[in-house]
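Chain lettering (A, B, C, D and E) follows the sequence in which the chains are written, and residue indices restart at 1 in each chain.
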Amino acid sequence: APASNAAAKTITLAFQGPLTGEEASVGQDELAAMQYAIKLFNAKNKGKYKIKVVQADDQGDPAQSAKVAPGIASNKKIIGLVGAAYSGATIAALPYYKQRLLPMISPSATRVSITDPSAQGGAMGVPVFHRVPPTDKVQGPSLFKLATKGVSSPKVFVVDDQSAYGVGLVDYMKNSIPAGQSAGFDSVSDKTTDWSATIAKIKTAAANVVIYTGYFPQAAPFFKQLRDSGYTGILAGGDGVLSPTFLTLAPASVIEGVRLTAGTVPLAEIDAKLEADFKKKMGKSSGVYAAEAIDATNVFLSCVAKGVSTREAMLKCVKAYSGKSLTGSTIKFDAYGDVAGGVMNGFEVKGGVIKFTGPVG
Amino acid sequence: MRLEIQDLRVSYGKIEAVKGISLVVNQGEIVALIGANGAGKTTLLKTISGLLNPTSGSITYDGEDILKHKAHQRVSLGISQAPEGRGIFPGMTVLENLELGKYHLKMKKSELAEDLATVYELFPRLKERATQAGGTLSGGEQQMLAIGRALMAKPKVLLLDEPSMGLAPQMIANIFRIVTQINKIGVTILLVEQNAQQALQRSDRAYVLEVGNITKEAKGKDLLNDPHVKSAYLGTGARGLD
Amino acid sequence: MSSSLIQLKNVSMKFGGVTALSDVSFDVKEKEILGLIGPNGAGKTTVFNVITGVYQITSGEIIFEGKSLSGIKRYEITRRGVARTFQSIRLWGDMTALENVITATDTHKKSGLVLGLFGFPVSRREEKRDKARAQELLDFVGIGEYSDRLAKNLPYGVQRRLEIARAMGAEPKLLLLDEPAAGFNPAEKVDLAATIRKIRDAGYTVLLIEHDMSLVMKVSDRVVVLDFGQKIADDSPGKVQDDPRVIEAYLGVPENAS
Amino acid sequence: MINLRDKGAEIWENQGRVGRVVLALCGVTVVASLPFLGGTILNTPIADYESVLVYPIAMFVLMAIGLNIVIGKSGLLDLGYVAFFAIGAYTMGLLGTKTGLNTWEILPIGIAMAMFSGIILGIPALKLRGDYLAIITLGFGEIVRIVALNLGALGRSEGILNIPTPPAIFGIEYTFDSHRIYYWTLLVLILLAIWMVRRLSARRAGRAWESIRQDEDAAELLGVPTFRYKIWAFVLGASVGGAAGVFYASKTLFIAPDNFTLQISILILACVVFGGMGNIWGVILGAVILGYLPDRIRFISDARLLVFGLVLVIMMNLRPDGLLPRKKREKTIDKKDAT
Amino acid sequence: MIGSFLDQFWSLTFGGLSLGFIYILIALGYTMVYGVLRMINFANSEIFMVGTFATIIIIRDVFKFTQTSEYATGFRLWLILATALIFAMMVSGTLSMIVEIVAYRRLRRMNSGVLAPLISAIGVSMVLAESVRILTDSRPVASPRAMEKRFIGQFFDAGIRIDNTIIVISALVLFGILMSFVNKTRMGKAIRAVSMNPNAARLMGINIDGVVSATFLVGGLMTGAAGFFYVLKYENTASNIGFELGIAAFTAAILGGIGNIKGAFFGGLALGLLETYASFFLGTQWKAVTVFIVLVLVLYTRPNGLFGEALTQTRA
């Protein structure tokens, strides 16, 4: 990069998510994706801008978030925040960002209540909060639909990981399960390693569709153990599972045919070259929510390119933004900060890669 | 086998408990060490066995500097101690406690039998209680166990810290007999005792220790008649009580 | 004779196969020094343990000031007026000598917590008085100069005396001393004998376990002898000393008792 | 290394009444003016300095003082202290959102709830010793979290939202971002807790706890009602934790089970031991440092917890009794038992 | 519910058993150290975690398996398994000894009580977990499957799978070796002696440092083996798995009576089964609560665990 460019305009953005501790993988992956988007942006603008990223590590914990947020909020240089990665941390941080009007775009906080005017707290994210992925409200029913697609008499067993994300998905899915199609529910700590009991329940219930609403680190061993126990039905999961790393966590035979939903698409599926480039530039393969994080960053960056350099302008610009996501769908935020008309995409693991199977409609 | 201590100083933090002591224990001797509470007797014995490190001075055994050996190595050299407070392993049975006395000898169980029999003969109570946990023994029984255990080690030099403490009169007599007996079979003995009367009678030589210093050295029997010793350690003759 | 302060009635104590006490009965009269002797393992310390509630007796009854002690919590027994020393020293090593005593003195005071939290904190004056009393007790047993030293760093003999002072701190009517003279030289034993007498003269009743015959015979008003968990004698010191059973079981053929 | 504790105690002892009052006032003033030092070297990168003063620092200090009663004073190894914090917080969360009660009214209720659960836990647990007690308390801490995670009434993993801030008191207004006000309020709570602990432990109760810690059997046999004192220690510790919880919930407006993990219990324990178990000033110092450090070293980003761990290892090895150890090395003697 | 429980009884039992055996091995890591130092070795969970990574390194990097590789068979399979097991044990054993030197030794020499080492071990544990997290990019890592998970038999309705069988049998063998090591050699006695009275132990000629090192080594070996079996069964690991499993194994050790090898055995089994049954009956989310309640009940009636000896046998 031309370091000589003294005219480079310095723009500071922030990322908030878990960067250390137990949950670090999610945040580290999103951060890498954000930095990747910035690299691309810089390459395109040839040193016109100098984009700095403040890393606000909240360990995925609301308590940590509450002390980081005021610091980020009062740092006037920061004009946009990618994050927070987790809904709980988002909620804890919101009061501060709202007060200082710091625009935020989350790649992965999907809790409905943040943008739902009828929820407790009444769309508490307005006006600063935006998010790229569709909410649990959209994803829950879609996931169910995708999982049962083509199954003549589905008996669905749903397992959540006790996280707000997983439980939320189940809550919104429940209403859309037709009578007689439910085989049961289980709620399993996200630290679980042995799944025998859950598997026994699934077998007892003679389920032929199993949906896991949680993240890929647990999904892989769960699916593995389930398959190894002789289960032959359908396996499905939400965007928490949709990670390239997921593919490395279980034998190809086990995860063949796993159905997944997400608002976006893994980089490799969008374009294998993109993923290869990512790996080259970032030194590791892209992670879960990579596309979302890139999309979120791009929204800010495109505003920067338009000359935005204050929070007020940024907020305005984000609200007015309309552009294409990596997948080609339109990103445009509604009054509550959700992507208007967000659709869920369906995926299936085929031959060791995650294949896009079209929107779940 | 000669234990020689030169100018030994030992401190607990800033307090010096042993202030430059020199003494000698010759092969085959019984040497008694008497002194009031807090004189530093226990400290001296602990330093010899390696539980404490001196600040200066030297201890040689058989001409060899033993300060460079750690406590557990000194046991292999043949120095064994029945410590103050007995040092029983409370959760182990009497038998296990005794067996541990032979730990450093790496013996098979069968090889224990003979020595075990000897100890049991000296202290029949221990045999009766072979399977009782050491920690539940009575005070005197524990004392017997501690001495028995030290004997199991087949020491060349035996350090006894108040072996008669807590024992019934009959047993005390017994203990001193035992001390003489094992001395006869060649064990060198350094004996710390409050029962100065008995100790001095049985010992070849004796040292008097006062606040960290040696103030007298003489033949045991001679000290019995020393007026100062008499008044300070023999209670002007035990008769004074009657 | 004055009335008995504590009575053991047919007390037995079994540990699995070991019978530590079998059918033992005796009493301790008020303001008396009762010597309790017997060979090692005869059951002397066990007597202390059953009185203070460490063990629940297998059968029999223990009566203190007319009331049975069975089923009473250990600390309650102390509060009723029984305190002991330990054969193997059990001081609170990381407290100073003085604090060891004051802690026991607190026994009879109202709980420091309720008072401290909701009422007045223990007043400075009262605290001062307790301290003074504890210091007195240390002086009384002759170790006043050690009051500021941590108990664990004290020489053995001082620790033994501190055990006595601490037990006295609990203001017992009955003081149980378990081999207080162990580790003392004869001269110190003479001192200790005087101290024990002083204790009695100060109004305590003393039950004394000791192996040093000259000491026991000198200070005791009466002596009870145990052997293999059974009482074999209960009489004045002089008589006990001459009792052939006692000689056989305990004293042994008198060695030149110089 | 110089013995800070003894130096401090010496200075204190050499003062008369007036001198002590002056010293104490100076101390309080310095501490109370900490929020104004945000521009100095003390500032925490990224995280907000004043928020860090409130949570974790002041909050940790309060909890560490509470835990110190349990572990430092009476020697009970409690690995589930966060439970009381959680109970206080959830009491605030539930009552604050479901009833009209305000923070000041809920405070005593939260404390009472925590104390009550302290008794419930204490009765079976305090019959156990050492590490058995540790695992039971650890389990209890987890249970409280799991119950919160699974009970609909407690909001499950979504937690409780919109918890009200305290209403104005003495003309002091509380808003969610008035960190200084919260800090000063916490300071008052901390002073109260210090006062309580000192009042309780300087004299009788302190000695009783100390004796229990060192030899419980001997204590019981010399008339100390050990079980009662242990329960008391537990309950008092719980009350401080509960108070911290109530106030915490009322500050963050939003609580979720994730705020009350076992890690918090462990951290608070680390504060206590790191600072100097049993010595309230040490404990406070420990909590300040361990609360502050992770945020001060945010500039090392990825490795900051690693560094934090290293600091624990190194400092414990250098100062096993903590930064400001429990009182008393004897006046003339250092404790170095050569054994 | 009961009916379906009976249907699933044997598969639940097999699942619980093999989990139980993994608990046992980790619990032995805790118990060995506790047995000699009377301290909870908080870093043991990370020693386990490192053992799982050691296993994966052998399978993935040395024998070059990937998620799409053919399964190994015959001699090659056993060679791989044996290499991985031994390597994991060695790595964990060595690490365990290092932990002792770094976190415990100095403090032990200073007689510092139990809490300082506890915190120092927690520090070591953070350092280990965070280092591995950074090295692995905060991601979970899977072990490619080297061995086909065949069913080698049928017991009532439940299939008996080869990996579970291997775990149970080898864990039993390891346990047997450990038992005889501790009981038959002088070491076992030395360990107990040191734990009861270190100074008296030195007077018996016992080298305390040596004994302590050896127990950490043995505990580490067992924990490392657990890491291997864990990977064999679950084929997954991450920098943060130690914590949860460590707590579980520690609970097992307490349940059985900590410091007691037999206790670790039965505690581990009991916990493995209890967790599995309780998850099935009461819902997985109440598993930990059930375990806690059972633990309280057991300890209330047996304050030293199922097999624990009273630690303090000194009398008043």
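Going forward, a contact is a pair of C-beta atoms (placed from the backbone, for glycine too) under 8 Å apart; a residue touches a chain by one contact, two chains touch by 3 or more.
Since the model is a prediction, treat every value here as computed from it, not as a measurement.
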Chains in simultaneous contact with subunit A and subunit E: D
Go through the assembly and pull out the chains touching subunit C as well as subunit E. B, D
Outermost chain relative to subunit E, judged by CA means, is C
Just the number, please: Cα centre separation of subunit D and subunit E in whole Å. 33
Chain centre separation (subunit B, subunit C; CA means) in Å: 29
Centre-to-centre distance between subunit B and subunit A (centres being mean Cα positions), rounded to whole Å: 75
Can you check how far apart subunit B and subunit E are, centre to centre, with Cα atoms defining each centre and the answer in Å? 44
Check: subunit C positions touching at least 2 other chains come out as 52, 54, 86, 88, 90, 153
If you look at subunit B, which of its residues touch at least two other chains? 12, 51, 136
Give the residues of subunit A that touch two or more other chains, as numbers and ranges in rising order. 20, 162, 187
Note which residues of subunit D are touching subunit A in the complex, please. 44, 46-52, 54-56, 149-150, 156-159, 161-162, 176-177, 179, 252-256, 258-259, 295, 298, 301-302, 304-305
As the complex stands, subunit B meets subunit E at residues 49-51, 70-73, 75-76, 80-81, 83, 87-92, 96, 99-101, 103-104, 106, 133-136, 149, 153
Subunit D contact footprint on subunit C (complex, rising order): 52-54, 73-76, 78-79, 83-84, 86, 90-96, 99, 102-104, 106-109, 111-113, 116-117, 121-122, 127, 148-150, 153, 166-167, 169-170
Across the complex, what residues on subunit D touch subunit C? 196, 199-200, 202-208, 210-211, 214-215, 217-226, 228-229, 232, 328, 330-331, 333
Going by the contact rule set out above, which residues of subunit A touch subunit E in the complex? 20, 22, 24-25, 27-29, 162, 186-189, 191-194, 196-201, 203-204, 216-217, 220-221, 224-225, 228-230, 245, 247-252, 284, 287, 352
